[in-house]
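Just so it is clear, A, B and C label the chains in written order, and each chain counts residues from 1 on its own.
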Amino acid sequence: MRFLVFAEHHEDGFVKNALGVLGKAASLGDADAVVVGAGAGLAALLGKHGAKAVHVAAGDDNLAAPLPQPRVDVLARLAPDYDAVLFGQSVLAADVAGGLAARLDAGLNWDLVDLELRGDELVGKRPALQDSVYVDVGWTASPRLALFRSGSFDPQEPGGEAETHELDVELSDFSTRTTMVEQAHAEAEGKSIEDADVIVAGGRGLGSPENFTLAEELAQALGGAVGATRAVVDAGWYPYSAQIGQTGKTVSPKLYVALGISGAIQHKVGMQSSGTIVAINKDANAPIFEFSDLGVVGDVHQIVPELTELVRARRS
Amino acid sequence: MARPSNFPPPFAASDYVAEPTDPADERIEVGVLVVGAGPAGLACAIRLGQLIEEHPEMAEQLGDVPVAVLEKGKQPGSHLLSGAVVNPRALRRLFKDRVRMEDLPSYGPVPGESVYVLTKRAALPIPPPPPMRNHGNWIFSLSQLGRFLGERAEEAGATILPETAAQKLLVSHGRVVGVRTGDKGRNREGGELGNFERGSDLVAKVTVLAEGTQGHLTGVALDRFGLRGDDPQVWELAVKEVWKVAKPLDRVIHTMGWPLRTGKRYREFGGSFIYPMGKDMVTIGLVVGLDYRDASLSVHDLLQELKTHPKIRKILAGGERVEWGAKTIPSGGFHALPQRLHAPGLLLCGDGVGMVNVPRLKGIHYAIESGRLAAEAAFRALQRGETPSTALASYDDAVRDSFIWQDLYEVRNMRQVFGRGFFVGGALASAMTVSKGRVELGKMRAEPDADQPLLVTDRDKSYPAPDGTLTFDKLSSVFASGNKTRDDQPNHIRIERRVPREVAELWTHMCPAQVYEVGREDDDGTVMVDVAPSNCVQCGAITAKGGRLTPPEGGSGPEYTQT
Amino acid sequence: MRIAVCVKHVPEGPSRIDPQTLRLDRAGEGALNHFDANAVEEALRLKGDSDTEVVAVSLGPQKALDSLRKALAMGADRAVLVCDDDAAGSDLVASSRLLAAALERQEADLVLFGQQASDADGAVLWAAVAERLGRPVVSQAMELAVTGDSVRVKRQTEFGYDTIEASLPAVVAVSDAINEPRYPSLKGIMGAKKKPQDVLSLADLGFDGAQAGEAGSGTNVLALGEPPSRGDARKIEGDADAAQAIVDFLAEKRLL
């Protein structure tokens, strides 16, 4: 099976999720990649991650900024030669994939966490209904398009060389009617809780509002943001803006550290799609342990200061 | 011994009675305003629609919006919860040949029934006492029926205004002229958020309060117009679950006895119901009179315990809980009915005034019938162009002539004689029903639920630990009620927050939705009660037991779909 | 100016997938997808007191009229519903085809979407619709301003904040950070019923069954399964060495 992977890049590097998807494609068949708006130098790196060939489209100035529609024009030229076109889900990739699906009248499945070959059919896995069921999805039109959740696959480095092909593209006229005035830069006030890769959240088990400094210090050491449960927000320990759960924010950081949180379902639905969940709680029967990757039955007041020190030491 | 009624909430009915304040040209005018999209209110709206259709000349007189129905829930049905085995009588009368029973969203007629007296391990079948016989009655989900009636009401020309709380009763020159709706978009401290939307004065020629159990403005109106009945109203609390099950249940089951205790000092009266909802669902609920005394009693946890009984576990085996909810049932009966069911410009219907036949476990058909009669009375008064101050008295006459009055009168003393409650066992209850109430057993003084002196036992220690499959904790149950109330809104629950420990524990255990928690203890031995109002499913138990529920922001609370 | 807002009617309450059809069970209660309320609000904000017309457009069952009415109650001027039994089960390609055809007729200067559908978690429809309409698209807008014949958008990506300009007519998907949707006023709710509400069938749009529903889709659902358990979940007890154990775990997961 022949795969084309959209190798999204930001500044001088590829997006990790895209590399993970490339690795997965290479494990299932022949994987080529397409790079839009960057030089061949960067493109050559993709061989190492499993690409056989890399298509590079950079000739037109309209391709430089990370805008979706010119990329649809590029991919629409290549896609018909492939069985499947795969994307690591991102703001840009989703817009590219959606546009491409309409352009080619092709099937697009999104939010996938896995992909497998059954015979010569591709089957994707998609969590649905707050991840409570996993749905097997397929395609009835070719090429098959798929978007994968961040963190679905780890990038592989089988090594190897990729041949690069320069690609000339003619852009649709509506593709050039969007201009990037100012490109992404993180704002000074730091990451909001929805964007944070790491969240340290505190619940009633912290014991008092003052003890939220434990969560804050650990979050700072890990480079993350602080979240809170509804119970402590209700009690006035922490602002509503930090509330995670059914009636607060829904987050999916790579790492979620739950301090003194029992794990009521109202909280769970706001954070269950986090990558890795670590919970510290002194109640061994707390529901949070049922969906934690690492559960620590112990006293947050003892463990967290020590943990913060160890993390700081490791990072400095 | 502490009594909850010694710690009254900061609440004055007079705060909820007001003159219209919006400038005259900004008031929203409707013909008849119905408060509450339940069986009573929707029956009223449907009947009004029928009457307007029959008398088109009246449409103009009633204005652009002849009939409006206010509903505090997300939509009709969102706050409806019941057994519900319904006597079809009132539905047939309401719809005549327009809708057949078969066209209603029901689970069919009762296929058969059993009554058991439970002990911890055994189930003793007894012949169903006559009041509990359900032959000819139909099984419904009241929430689904409410949605259906809502659609019929809209077809009949009514305007349904969901997500809107009726906050104040508008009274002008001694006459009810409508209601003021609640504000939306306030923060916890009462401040205005960016999307703040002020409530409105909704003025009407006739206002019909059909708010159901613990109706906020019904209570206000009873006080304002001095309508309260001879006896104080009392309530029972029902907690129920809807289950998807592996094998069909072929009959309606009622149980008495375990897990309630029989000791007289506990005053634990109640029982359970288990009804089939088609082939693959059942509903199971537990009802307990709120005059119980044990501060550690939790109806929610007793229901969890009930499900561990071998007889019941078998019914639910391999199944999955799909919904949960709780609601109070007025059970004061005949003697607790208001003196009058009308006041100038105002009519009162259904559960709000306690039209429940306690021994028969029925109230829905009375609600529907009273709504229908209210529609006719209101329409007659409007047709004659009368200022509806005394004109509405014909509603009281109609109710007195109806089966509502007759039925409730027959069983008027049942409660005092047999303790309390839906679940009265044995021959004595039958005797009373068979004699059509002619046996005069004498009336005893009734006490409000909140007057019962409390005792504290360790009952709560033996509640089963939630396993997430058969038994559940309160918070996950609140989730299963569909409740996703905005947290950052003003507290709608009025209680005295500093109380003796046993009162705080009573509320904590009583509340099926984990709204109350025992907080900090002070030097004088009292404790603070911490409140999480957004958990509230508006069951109304707190009003029975010494606090006062007021309506939160419209659209809050549970979103029942199958209860 | 005319603004079209696409809104979706999504199931409310406990959702389930019908094991027979493998489709989301839409028989129960539904409501306006709450992310779309942000798009309606933004359209109404842009409209302000001007004579701009706001049209709410949906694709769905007859019941989707309830959600359209909510948009009308908030202040939209009229509603269009694409509704056809043959459209049930439409995936992205089919839905975008039908929706684009309905939007084409509105000749809107600006088409707005919410940031995702809360039922299918999809966040791609606007891109497909923009492609079919041949218009520029910007997603994740957290600030939106219309100046002359273009729209200026501040939006959030994984890397921070972009500012993007697009010429009108354009398609913009707004994030839920863009505003706080208003509550419909009582007058709004009462007036909603009387506002124009058009229902279009496939035939009205010039399509037949082959272009909609499962027949017109490019994807299918094969089976339902259980979520995987967190297989290698670990639990440790006691305070001593717990901190070190956590650090080791994070290092192993390459999270440090």
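The rule is simple: contacts are C-beta pairs under 8 Å (C-beta built on N, C-alpha and C of every residue); 3 or more make two chains touch, one makes a residue touch a chain.
Everything numeric here is computed off the predicted structure, so don't read it as measured data.
Trainee: Which chain's mean C-alpha position is the greatest distance from chain A's?
Mentor: With centres defined by C-alpha atoms, farthest from chain A sits B.
Trainee: Taking contacts as defined above, which has more of them, A-C or A-B?
Mentor: A-C
Trainee: Taking the mean of all protein CA atoms as the centre, name the chain whose own CA mean is closest to it.
Mentor: C
Trainee: Indicate the whole-number Å distance between the mean C-alpha point of chain B and the mean C-alpha point of chain C.
Mentor: From the centre of chain B to the centre of chain C is 37 Å.
Trainee: Calculate how many whole Å lie between the centre of chain A and the centre of chain C, each centre taken as the average of the chain's C-alpha atoms.
Mentor: 20
Trainee: Approximately how many whole Å separate the CA-defined centres of chain A and chain B?
Mentor: Distance between chain centres: 47 Å.
Trainee: Which stretch or stretches of chain C touch chain A in the complex?
Mentor: 15-17, 22, 91-93, 96-97, 100, 120-132, 134-140, 152, 155-167, 170, 217-228, 230, 232-239, 242-247, 249-251, 253, 255-256
Trainee: List the residues on chain C that touch chain B in their complex, please.
Mentor: By the definition above, chain C touches chain B via 12-14, 28-29, 31, 180-183, 185-187, 189-190, 193.
Trainee: Which of the residues in chain B end up touching chain C in this complex?
Mentor: Against chain C, chain B makes touches at 28, 65, 68, 74-75, 147, 159, 161-164, 181, 184-185, 193-195, 197, 200, 202, 322-323, 480, 482, 559, 561.
Trainee: Which residues, counting only chain A, touch chain B once they are in their complex?
Mentor: Result: residues 230-231, 233-235, 240, 243, 246-248, 264-266, 285, 287 of chain A touch chain B.
Trainee: Can you list the residues on chain B that touch chain A in the complex?
Mentor: 465, 468, 475-476, 478-479, 484-488, 530, 532, 534
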